[in-house]
Amino acid sequence: MNGAKVFTLELSVRDYECDLQGIVNNAVYLNYFEHTRHQFLKCLGIDFSVLHEEGTDPVVRRIEIDYMRSLRSGESFISSLSITKKGRLQYVFTQELKTVPDNAIAAKAKSGVVFVSQGRPIPPPTALAEAVDRWQCS
Amino acid sequence: MNGAKVFTLELSVRDYECDLQGIVNNAVYLNYFEHTRHQFLKCLGIDFSVLHEEGTDPVVRRIEIDYMRSLRSGESFISSLSITKKGRLQYVFTQELKTVPDNAIAAKAKSGVVFVSQGRPIPPPTALAEAVDRWQCS
Amino acid sequence: MNGAKVFTLELSVRDYECDLQGIVNNAVYLNYFEHTRHQFLKCLGIDFSVLHEEGTDPVVRRIEIDYMRSLRSGESFISSLSITKKGRLQYVFTQELKTVPDNAIAAKAKSGVVFVSQGRPIPPPTALAEAVDRWQCS
Amino acid sequence: MNGAKVFTLELSVRDYECDLQGIVNNAVYLNYFEHTRHQFLKCLGIDFSVLHEEGTDPVVRRIEIDYMRSLRSGESFISSLSITKKGRLQYVFTQELKTVPDNAIAAKAKSGVVFVSQGRPIPPPTALAEAVDRWQCS
């Protein structure tokens, strides 16, 4: 994430997130990634559930995840993201989970998010786009 | 999935899998993909939980998902996979979810799975590798 | 469930539903119970997500669960329910999960469901109440 | 929870925990209750996953939940518990979720937990029982 502004959040594994292998199930990482994006939006003053009530839904269009080191019961990690625009319609979040305190990369992801209203893709809402721009330049 | 042998499973959306947007949450697709892989293994005579008890854990190393059309409450879909070997250590599953009866692709994925024993990557267990080969040639 | 009419559904454990103890996590049983109630409603011609869109939300008011025998990877079970009215506003579902083929009770529950519209409790929608009555007498 | 010693934890709703009704799904409350019990054990120096590795599994035997007010996206709440012994084999946790800052009870639960080793119920491990006693008297 060289040069890009980074938002971070500290999280911990909860035991119910581990599966019978004793490691966090692969699907749960997407919960971590989504929760981090939503907390980022919240920090910009944008509320995911209010967006939905207003008729605009951010939806994941594509996600790529590299699982580097399995997270386990009791572990804490820093979830970070940076954001770039891709074309007119998509934001791409570059996301990473790094264990605390040893700073090992547990997983990396690229998450492409588009906005949908009444079943059709629309450009990001203006208030959100402006808040993202302001955040990146601050 | 031209030319490759395909395993399929019919599934339906369960309401608790939908989030506040009224669509299946992006993380749940990984549950569908994993469940399909495990049912495939089961159909080959390989039991995921027995593998774990014997000390071998298949783990997802990388997954890429394209979300094409959101799945919703009440929808049924066919989850399919084909499998190829990548290098000496990895299987790559090409996976797809197609709605029933309209046959629209809801999501596509490539899931790279490796095997881990005592914290180290190992080649796929022989019984599993042989069962995969037999299945592909049958 | 003596004397009461019973709705049943066959389900199987999915591996991601098991936690690090190798058994289905206690919270997942509520997914099973809810899914069974929703499939029951569907069988009566009532769609949970349509109810929500029409402004009426069935919500769980109280649930009691006895966990008798832990469900594990690979197990199938019959999920059953019967329904009774409690007062003017509540339905109580008596629910049970029995393993197949050995017919052991894995869990029992009583789930009290009320209906909410615009934040206030309302009597069950007439179409639903009539469908329940018809089903019980058929 | 008059007179009993209380352990508390502050948590927030994550958006993926909400279902298509826009409220936290009823099953997720059991995740909150479990996570609170495990953080309590951790605070006593007892690690749930280590217990499992040593061959002792605390399992929920019975849980009763009263859902008083639905939790929603963005809400924070205090999750609290007190603990009492029931018979020789069971701990009963009295649990509560109260919204912040308005202090409304969102849900109350009684969770009965027993200990299982090699498929059989056993008394609570001595180290755990002593830690619970010390905590209650401190």
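Each chain gets a letter, A, B, C and D, in the order it is written, and its residues are counted from 1.
Keep in mind that, in the parts below, contacts are C-beta pairs under 8 Å (C-beta built on N, C-alpha and C of every residue); 3 or more make two chains touch, one makes a residue touch a chain.
Because the structure is predicted, anything quoted here is derived from the model rather than measured.
Just to note, of A-B and A-D, the chains joined by more C-beta pairs in contact are A-B. Farthest from subunit D, judged by the mean position of CA atoms in each chain, is B.
Taking the mean of the C-alpha atoms as each chain's centre, subunit A and subunit B sit 23 Å apart. A straight line joining the Cα centres of subunit B and subunit D is 34 Å long. Measuring from the averaged C-alpha position of subunit A to that of subunit D gives a distance of 28 Å. Residue positions of subunit A touching 2 or more other chains, listed in rising order: 15-16, 18, 20, 22, 25, 27, 31, 34, 49, 52, 73.
Residues of subunit A touching subunit B in their complex: 20-21, 23, 25-31, 34, 49, 52, 57, 59-67, 70. Within the complex, the subunit D residues that touch subunit A are 14-16, 18, 22, 31, 34-35, 38, 42, 47-49, 52, 72-74. Subunit A contributes residues 15-16, 18-20, 22, 25, 27, 73 to its touches with subunit C in the complex.
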